[in-house]
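Next come two complexes, and both contain chain A; in the first it sits with chain B, in the second with chain C.
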Partner chain A sequence: MSHYQPLERRIVTMPFLFLGVVALIGLYYLAERFFFGMGSVTNLNGGYPWGIWVVYDIVVGTALACGGYALAVTVYVFNKGQYHPLVRPALLASLLGYALGGIGAFIDMGRWWQFYNIFLPWQMNFNSVMLEVGLCVAAYIMVLMIEFMPTVLEKFKAEKLLKMLNKVLFFVIALGVLLPTMHQSSLGTMLVAMGWKIHPLWQTLHLQPLLAVLTAFTMGFAIVVFEGSLSSVGFRRRPETHLLSGLGRFIVGLISIYLVIRFGEILINGKFGLIFAGDLASLMFIIETALFVYPLVVLLSPRARENGRLLLWAAVAMLFAGSLYRFNAFLITYDPGPGYSYFPAMPEIMVTVGLVAIEIMIFLFVVKKFPVLPREEHGSAKAA
Partner chain B sequence: MNRRDFLKASLGGAAAAATSTSAVARQNLEPAPEAVGMLFDTTLCVGCKACVTACKAVNDMPPTMMGDDVQWDSARDLSHETLNVIKVYTNGNPVTKDAETDGFAFEKRSCMHCVDPGCVSVCPVTALIRDPRTGVVSYDVDACIGCRTCMTGCPYNVPQFDYDNPFGALHKCELCNQKGVERIDKGMMTGCAEACPTGATLFGSREALLEEAKRRLALKPGDIYNYPMGDVRNPSRTHEAEVPDYQQHVWGEKEAGGTNVMHISSIPFEKLGMPPLPERSYVSISETIQHTLYSYLALPAVVLGGLSYVVKRNMDKEGDDE
Partner chain C sequence: MAENDFDYSALEKRLGVSRRTFLKFCTGVAASLGLGTSAAYAMAEAVADKKRRPPVIWLHGQECTGPTEALLRSEQPSLEHLILDLISLDYHQTLDAGAGHHVEEIKRHVMQENKGKYLLVVEGAIPLAQNGIFCKIGGQTMTDATAEAAEHAAAIVAYGSCASWGGVQAAAPNPTGAVGAPQFLKDKTVVTIPGCPPNPANFIGTVLFFVTYGKLPPIDEQGRPKWAYGRLIHENCYRRPHFDAGRFATEFGDEGHRKGWCLYKLGCKGPETYNNCASLEFNNIGGGVWPIGVGHPCFGCSEQGTGFHKALFSLSDVDTHTPPNAFPTIEDREGTSSATVTTAALAGAAVGAALGASAVAGSKLGKKETDQE
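Up next, the complex of A and B:
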C-alpha cells in the first residue's frame, strides 16, 4: 500500500478563484509582451538587461524550487529514509518551480523563436556559463518529470510501468542530485563575468559557485519546512514537526558553513568596511545577514526546533535570506554605471505574479487529485 | 575554442580536480594577429558629431530626436539605433576645453572591440564572434536567442537590445565590417574615422595606434605636433596642433586584457565614465572556473557514477526494510 494519498477535496475554492484572476491579469500582460515587445511591459534598458523575469523567475525561483534537490540528497545520498514522506510534495513544488524558471527564460528571451539554437551542438559556446545553466535546467526539468512519474503511475494504477521505472529510478535520482549542483553553482559563476557591475560585497569571484550552491541548499531545506508546515495548517492536517525539525539541524550546519565562507572572504579581501558604508548596499547586506543569522539562532536551540511556529518563522527567514542574497547580487546592488536605473514596471511584476499563481493552482490541483501528500497516520506513527 | 585549447583546459580541469587548485588558469587572450581598431583622442574632438551621423548613414539608422530639437541627432547614449555617440564632460564653470576643473571635454562611446571580449565569452549560442584575424567583434543575428547575457558581460554596456520591437535584435558596432558593409575587408576604414574632421577618431592597426598613442603621451605639452587623420598608417591629411597635457594612460592598452579601440585624454578616465577595470579580464576567471569543473564533462561523469552507486545502495536498503 502506498504511503501517500490524494487529499480528494474540492478543487474550486475561493483562494483558487482568486489565484485564477491573478493568473489572467498576468497572462494579459504576457500577451502584450509578445505582440508589442518587451519594452511595452518591462522597464528593462541598456544598463539593466535583466529584470525580475530573470532574477526572480530563474535565479531565485529555481533556488526556491530546490526542495526536491535538498531532500534527494538527504534521503538517497545520506540515507535518511525517515524523510521519505516529504519527498513527493517537495518534488512537485520543484517541478513547478523549475517549470516557472523555464517559462521565465523563454518569455524573457528577446529572440524566443530561435531558442532551439541553444540545443544545436554547432551553435554551443562551451565557454559560456549561460549555456551550462540553460542546458542543465532543461535537463533537470525532464529529470523532475521522471522523478514525479511514480505518483502519476500510481494514480492510474500502471503497475507494470511503475516497476520498470523503479528499476532505473536510482540513476534518475542521481542525475537529480548532480544537475542542480551544476546549474545552481553556475548561477553564481554567472556573476563573475559581470565583473565590476556586481557590488564588491557580492563579487566573490572564485567563491561564487560555492556560495550559490550553499544558498540553493539552505533554500531547498527551508522550502521543505515551509511547505510542510503550511500544508499542515492550510489543509488542517497533523503537522510533521518531528520530521521538519530534523531538517532544521541540517540548516544550522549549512548556514554556519555559508557564513564562515562569506565573512572570511570579506575579511581576507579587506571589504569589511563596506558593510558599514551606510549606503544601500551596506543596508541590504546587513538585512540579508540578519535573515541568515535569525534561523541559525532559532534552530540552534533544540526546544525551538520542536516548536512548529518558530520552525516556520526560521524557514521563512531562511527563504528571504537566500532570495535576498541573489536579488542583492543580481539586481538591487547591480550597478552598470551612471545614467541607468531599474525598478520593475507594474505589468512586469504582474506577469511574474501571474505565473506564480498558476504554479500554486497546479500544486493545489495535483495534491488533491494525486497521491502526493503522506498519509496522516504515517506521520503520527513515526512521531512516537 | 579549438580542440587544442579544449584539451589543455581539460588537462587543467583534471589537475585542478585532483589538487583542488586551478594551476592552469585561463590567461587573458592575446590581441589578434592583424588586430585593427581605432584611437580616440578626446583633446582633438570638437564635438561636431560628424562621426555619429556617418555611423547612422553606414548602418541605415534614423537620427535620435529629443523633444522639438530636430536640427541634429541628439542621442544621449548608445541604443539600438545609436552605435556610436559623443558625450560631454563638464566641470564647474565649463569654459576651458580639456581642463579637468572648470572645463569640458568630449568623449566617444562605441564598442571597444575588447581583446578578450566579455560578450563573446558569455554568449551561449556563439552569436558574438571575435574575428581570429582582425579581432573585430561581430554579431550573428541568426544565432542570437536574445538572452542579453552579453549585455551583462560587457564592461562598457555596449550591446543594446531593441526592446520596443516584438522581433527585436541586439545592436552593436561591428567596426563597419558587418555583413553587407564589410568596409574593413574591402580595405576601407570605419565610417566614423573617415568622417572625423580633426583626427580625434583615428583608424589603423592596433599596433600602429598604440605606437601613435604612446608617441603623443611622450610629447611636451605646448609643442606643435602634426596630427594624422583617417588611417594612421596612411593618413589622408595631417594638421598641426598644440600638444595638450595628456594623462599618461592609454585606455585599452591593458584594461581587462586590452581593447582594439583605445582612448587618450587630458582628463582622468574615471571622470569620463570609464569603468573600474583590473588588468585581468573577468571572463578569464569565469572560464577558468567553468573549464575546471566541466571540461569534457569528466568531473560530472565521475560524480554521477558515485551518486548512482550510493543512491542504488540506499534504495535497495530501504526496500529491504519495508
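Up next, the complex of A and C:
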C-alpha cells in the first residue's frame, strides 16, 4: 500500500477561481506577445535584453524549484529515509517550477520558432554556458517527469509498469541529482560571462557557480518548508513541523558555508568598503545579507526550529534572500552602460504572475486527484 | 646662436640622417613634450654626445613583443638607427644577435659594470602565481629577473600595457596572476607608457628627456608621463564636435559611420581613456592613422580597467566633457522606460501576496500548534 494518498477534495474553490482570473489575464498578454512581438508587452531594451521573464521565470524560478533536488540529495545520497514523505510534493513543485523555467526561456526567445535548434547536435556551440543551461534544464524536466511518474501510475493502478519503472528509477534519480548540480552552477556562470556589467559585490569570477548552487540548494530546502507549511494550513492537515524542522538544520549549515565564502571573497578581493558606499548597491547588499542572516539566527535555536511559525518565517526569509541575490546580480545593480534603465512593464509582470498562478492551480489540482501528499497517519505516527 | 654652432657632422655620419632631419625630429619630440626650441637643441646635443648614451637592459615578460615591434616600425626612416644609437641597447631578448647563456652572462656583466647608471625597460606582464613559474628566461623566472635588474637601475620604464598594469594577461580570471611592473616593484618609481601597442613617440620622448636632463619627466599617480597621458582621448578627438551635436554612428557602415560621425554609440572608450593618440596619431604618416581615425571605436587599450576589461561595444561612462546643456543628451536610449505607478504597485502586490500568504499561514500554524499542546 502506498504511503501517499490523493486529498479528494473539491477542485473549484474561491482561491482557485481567483488564480484562474489572474491566469487568464496573463494568457491574454502572452497571446499579445506572440501576435505583436516582445516590444509590445515588455520593457526590454538594448541594455537590458533580459528582463523578469529570464531573471524570475528561469533564474529565480528554477532555484525555487530546487526542492526536488535538495530532497533527492538528502534522501538518496545521504540516505535520510525519514524525509521520504516530503519527496512527492517537492518533486511536483520542482516539475512545475522547471516547466515554468522552460516556458520562460521559450517566450523570452525573440525568434522562438528556432528553439529546436538547441537540440540539434550540429547546431550546438559547446563553448556556450547558455547551451549547458538550456540542454540541462530540458533534460532535467524530462527526468522530473519520470521521477514523478510513479504517482501517476499509482493513480491509474498500472502495477506492472510501476514495477518496471521502480527497477530503473535509481538511475533516473541519480540523473535528478546530477543535472541540477550542473545547471544551477551554470546559471551562476552566466554572471561571469557578463563581466564588468555585474556590480563588484556580486561579481566573483571563480566562485560564481559555487555560490549559485549553494543558494539554490538552500532555497530548495526552504521551499519544501514553505510548501509543507502552507499545504498543512491550506488543506487543514496536521502540521509536518517535526519533519520540516530537520530541514532547518541543513539550511543553517548551508547558509553558514555560503556566508563564509561570500564574505571571504569580498574581503580577500578588497571590496569590503563597497558595502558601506551608501549607494543602491550597498543598500541592496545589506538587505540581502540581512535576509540571509535572519534564518541563520532563527534556525540556530532548536526551540525556534520546532516552532512552525518561526520555521516558516525563516524559510520565507531564505527564499527572499536567494531570490534577491539573483535579482540584485542580474537586474537591480546590473549596469549595461549610461542611459539604460529597466523596470518590467505591466503586461510583462502579468505574464509572469499568470504563469505562476497556473503553476499553483496545477499543483492544487494534482494534489487533490493524485497520491502526492503523505497519508496523515503516516505523518502523525512519526510525530508520536 | 650658440646652438647652431654645434657640429653635427659626426652625428650625420653615425646615424645616416641629415642635420635638418635630425633637428626636425628633436624639435618634434620636444614639442610633443610641451617644451620649447632650446629643449630641442639640448636633446639634439645629448643624442649627439656618444658618452651620454645610457646602457639599457630590456626585459620581456608575458606579452606579444608588440611594443618593440611598434618601436622598430616608428616614424622617421632611420629611427631604428637613432634609437639604437641614442641608447646603448646591451640586452634585448628579441633584438640581440646572440642567444643562450652567453647573452645572459653579458646582461649580468653590464648590470655589474653600470650599477646605478643603466636604464631598465620592462616589456610584458610579470606572472606572480605559483612563484612566477609561468614565465622563465634562461631558467630564471620573470619575477627574479625583474627584481634583480631593478635593484641598481637608474630609472625603470614599463613599456606597453602589459608592463604597465598587466594588459591582456591580467584580464579576468588572470590564471597566471599577471601584474605590471609598478605593481611588482612597489617601492620603486616606475614610469609607465601604456598602450597596446604603445605609441613609440611617447617612449622616445620620455627616454630623450631622461638622456637630456638625467631625470624623468613629471608623471601622474599611475606613473604615466603627464605630457602624453594628461588628457582623455575624448578631449582632443577630431570627432568631438559630432559628439557634442548628437551626431552618432550607430552601426558600422551606416550613414553616420560613412560621414565620420562620433563613434560613442559603437562603444568608443575615448571618454574613459587617457592617451595622446588623438593629437599624435600613429607612425607619423598622417591621414588619421589611429583607431578612431580609421573608423573604429577606441578600445581603451592603454587604460587600466577599460582595455581587456570592458566589452568592445559596450558604452563608456562619460564623466567629464559632456555635451553642453543646450545640446542633445547622449543618454537617450531607445526603448528605455522606468517604473510607472501601475507597474510598481503590481510588483509590490506580487511580493506582498507572497508575504501575506506566509503571514496568514504562519499565524495559523502557530495557533494549530498551541491547540495541539
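Rule of thumb we're sticking to: the second predicted complex is superposed on the first by the 384 of 384 C-alpha atoms of A that agree within 3 Å, B and C clash if a C-alpha of one lies under 4 Å from a C-alpha of the other, contacts with A are read in each partner's own complex, and residues count from 1 in each chain.
FYI, contacts are C-beta pairs under 8 Å (C-beta built on N, C-alpha and C of every residue); 3 or more make two chains touch, one makes a residue touch a chain.
None of the values given here were measured: they were computed from a predicted structure.
Visitor: Superposed on chain A, are chain B and chain C clashing or fitting side by side?
Guide: Clash.
Visitor: For A:D108, is the partner it touches chain B (first), chain C (second), both, or none of the two (neither)?
Guide: first
Visitor: Quick one: classify A:G46 as touching chain B (first), chain C (second), both or neither.
Guide: In the superposition, A:G46 contacts both chain B and chain C.
Visitor: Figure out whether A:L205 sits in contact with chain B (first) or chain C (second), or with both, or with neither.
Guide: A:L205: touches chain B and chain C.
Visitor: Touching A:L291 in the superposition: chain B (first), chain C (second), both, neither?
Guide: In the superposition, A:L291 touches no partner, neither chain B nor chain C.
Visitor: Touching A:N307, do we find chain B (first), chain C (second), both, or neither?
Guide: second
Visitor: State whether A:K197 touches chain B only (first), chain C only (second), both chains, or neither.
Guide: A:K197 contacts both chain B and chain C.
Visitor: Can A:F170 be said to touch chain B (first), chain C (second), both, or neither?
Guide: In the superposition, A:F170 touches chain B alone.
Visitor: With both structures fitted on chain A, tell me whether chain B or chain C touches more of chain A's residues.
Guide: After superposing on chain A, more of chain A is contacted by B.
Visitor: Look at A:G337 in the shared chain and tell me whether it touches chain B only, chain C only, both, or neither; answer first, second, both or neither.
Guide: Both chain B and chain C are touched by A:G337.
Visitor: With both structures aligned on chain A, tell me which stretch of chain C collides with chain B: 130-138, 310-318 or 364-372.
Guide: The one stretch of chain C in steric conflict with chain B is 310-318.
Visitor: Looking at chain A, which of its residues have contacts with both chain B and chain C?
Guide: Common to the two interfaces on chain A: residues 39, 44-47, 195-197, 205-206, 336-340.
Visitor: Quick one: which bits of chain A touch chain C in the complex? Just the residue numbers, please.
Guide: Residues 39, 43-47, 195-197, 205-206, 226, 229-230, 232-234, 239, 241, 307-309, 312-313, 316, 336-346, 349-350, 353 of chain A touch chain C in their complex.
Visitor: Note which residues of chain B are touching chain A in the complex, please.
Guide: My answer: residues 1, 6, 22, 76-79, 118, 120-127, 142-149, 151-153, 155, 157, 160-170, 256, 273, 275-277, 282-283, 285-287, 289-291, 293-294, 300, 303-304, 307-308, 310-312, 314-315, 317-318, 321.
Visitor: What residues on chain C touch chain A, complex-wise?
Guide: 172-173, 309-311, 314-318, 330-340, 342-344, 346-347, 350, 354-355, 357-358, 360-366, 368-369, 372
Visitor: So in the complex, which bits of chain A are touching chain B?
Guide: These residues of chain A touch chain B: 34-40, 42, 44-47, 49-50, 75-77, 79, 81, 84, 105, 108-115, 117-118, 120, 123-132, 134, 169-171, 173-175, 177-178, 181-182, 185-186, 189-190, 192-197, 205-206, 208-209, 336-340.
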